[in-house]
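Read through the structures below before going on.
Common to both upcoming complexes is subunit A, partnered first by subunit B, then by subunit C.
And then the complex of A and B:
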């Protein structure tokens, strides 16, 4: 499982990060983001890539768990 | 929120935005300029005396509405979060040159879409340049371009930009003598819808753009990078709605809101090369900024002070453009403007390279 920290980064950077990471085709990834747009965009990208996304919120930050 | 719902929402936002963009012309805004973030920031800069071009001086309520609409929507959904500190001076300079590019073309990406919807074929050259500029930005994004992370700022910092807009609204309504307004017949600055209509249109579009992340640059960028059509759908919806309303208004009123031609277009020139290069610069700079001028206003309303600094860069760029003869007019581009656009492309490329190809600490 690869963990990526995209907190403080704004789109499209978090999506480019997950896009590059997903080239290794792992079964699961975890990404931390801190804004709604990144949460939505990464979720949309991961779901299109066939991952199921679970989102946990903690004080304005989001942890996205992506699993095949 | 599922993907279909997100696309549906941005389609609705794009359609309403396009309708309002076309309708504002009916109420008094210049032709094909229901919304133009670059032109309106330029007009506001002129009203504040930052430049002395008499034809383009008016505090545009649409800008005030866009920021406050985004601010209110973000507060209601608890998305208001002051943050900043991601290379603010770099963003200021990118904003500055984005404006230089926009004023070469005579419009921001938003007005480019509205010009296309009004039948202005010069905007096709602008669109080609805009796409090429975004592709230049994408080249750097794919190589690792980043202006690094933002940091949480004090609440007060995030409130300042919306507060400045509220102050602008007071100045607009009070109209003290030191605020400059284009006299009747002087040019685009003298053409405007009633304040309340412009303000409400801005508030609506600002709130919808905050909810849906509507962005003219993001539409093409995300489609190329990720084959994601969400933002592009909004872009297309703005065009479609404005086109339909322009055609209806042309048929139903005595005015002409759609003319398919290159010549005699309102607030436009026919130099295809410089229309394209102007929007190339704007598209390139905005891709490195992460969003078009509209998106920067909306983000500033959400408390993003990096975007607020970008807007200040846009305004200073507009002031320079008119103080030093860089802005085009209906007669065409100026020699100074051409030099400024070339310098802009070089500077933006250098910013892209310096924030991409660097040694990691």
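And then the complex of A and C:
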């Protein structure tokens, strides 16, 4: 599992980060983001790539678990 | 001083995507004391594109201000886009722009050639719009910004607000959607040059021709579709006109490439703000994908006009627009107010 921290980044940087990471085609990834747009955009990218996304919110920050 | 800097790297967000959400603005202005003047035909209360003040029986003054951070790296092109976008607000009110002032914020690292190119871009579009730039104001700041405050004129009886739509009207949109998504994808270097050139051409295409043509027909309402997206601006038109707007999504023109980028999550933050603002008033009656909805909420920079025209004139207006090279399409119609402000099908 690869863990990525995209907190402090604005779109499209978190999506570019997950796009690069997913080139290794691992079964699961975890990414932390700190805004609604990044949460939605990374979710869209992961779902398009065939992953199921589970989102946990904690004080305005989001942890996205992406699994094949 | 650097000369070969990437303008978009100096900005935290791009173009009309930087616009503060519509709901946020109206909340902030609530309760402020202002003078009442019956000559003020259009003020901020209807969230319109520009203010309109009656000077005499024949003339009203149209005033607007629009500026934003760089949406492209080419400074000349940025100047052109910002000016095209600012001038559009006067066209959307049925007016003719005549005078403008530059508003410019420079970052210290920008070279003088870059600044000159931005201004040259602005002047070129003002010239095309028969508008004279008479001066302006320039400051240093954290990121580059450019735009114009534009003044124009309109006959007081021929002002086109965004709150005049009537049941039976047909809606015509004069530019395809997807600019915000495509410029976000361009930041990730995913957009090829041919497509980039296509959207640059669109963003520097004045709404002048469309505005001149629409004045020949029985148009009840007009707005330009910019930062608040098609649905945000439709929501304002529906609320202001006390009507319901029906959008035939299959007829809405958009750049096809934007659909795939939306599915991949290359969506500007402004699209989510627009969704938050308008979605309670939107009823999705058909099977409309999430990506298509994202396009409908996508903030447009220098977008087209949305025109509410009588049904009897709609075909003729559309025909004349397309014959004149304006990429217009009929996207929906207006009815008496229903449970929702906007119905997508």
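Quick note on the criterion: the second predicted complex is superposed on the first by the 68 of 68 C-alpha atoms of A that agree within 3 Å, B and C clash if a C-alpha of one lies under 4 Å from a C-alpha of the other, contacts with A are read in each partner's own complex, and residues count from 1 in each chain.
Keep this in mind: a residue touches a chain if its C-beta (ideal position, glycine included) is under 8 Å from a C-beta of that chain, and two chains touch if they have at least 3 such contacts.
This one's a predicted model, so the numbers in the text were calculated from it and none came from an experiment.
**Student:** Based on the superposed arrangement, let me know which partner A:8 touches: subunit B (first), subunit C (second), both, or neither?
**Tutor:** The answer is first: A:8 touches subunit B but not subunit C.
**Student:** For A:16, decide between first (touching subunit B), second (touching subunit C), both and neither.
**Tutor:** Once the two structures are laid over each other on A, A:16 reaches both partners.
**Student:** Just subunit B (first), just subunit C (second), both, or neither: which does A:31 touch?
**Tutor:** In the superposition, A:31 touches no partner, neither subunit B nor subunit C.
**Student:** If you count the residues of subunit A that each partner touches, which comes out higher, subunit B or subunit C?
**Tutor:** B
**Student:** Which holds for A:66: it touches subunit B only (first), subunit C only (second), both, or neither?
**Tutor:** Neither: A:66 stays clear of subunit B and subunit C.
**Student:** Just checking: does A:42 make contact with subunit B only, subunit C only, both, or neither of them? Give me first, second, both or neither.
**Tutor:** Touch status of A:42: second partner only.
**Student:** Check subunit A for residues that touch subunit B in one structure and subunit C in the other, and list them.
**Tutor:** Shared contact residues on subunit A (touching subunit B in one complex, subunit C in the other): 10-12, 15-16, 19, 35-37, 40-41, 44-45, 48.
**Student:** For subunit B, which residues count as touching subunit A in their complex?
**Tutor:** The contact residues of subunit B facing subunit A are 1, 3, 6, 79, 81, 83, 86, 141-142, 146, 148-151, 213, 218, 221-222, 225-226, 228, 230, 290.
**Student:** Hey, which residues of subunit A end up touching subunit B in the complex?
**Tutor:** Those residues of subunit A that touch subunit B are 7-13, 15-16, 19, 35-37, 40-41, 44-45, 47-48, 60.
**Student:** For subunit A, which residues count as touching subunit C in their complex?
**Tutor:** Residue positions touching the partner: 10-12, 15-16, 19, 35-37, 40-45, 48.
**Student:** For subunit C, which residues count as touching subunit A in their complex?
**Tutor:** Touch list, subunit C to subunit A: 12-13, 184-185, 187-188, 262-269, 271-272, 290.
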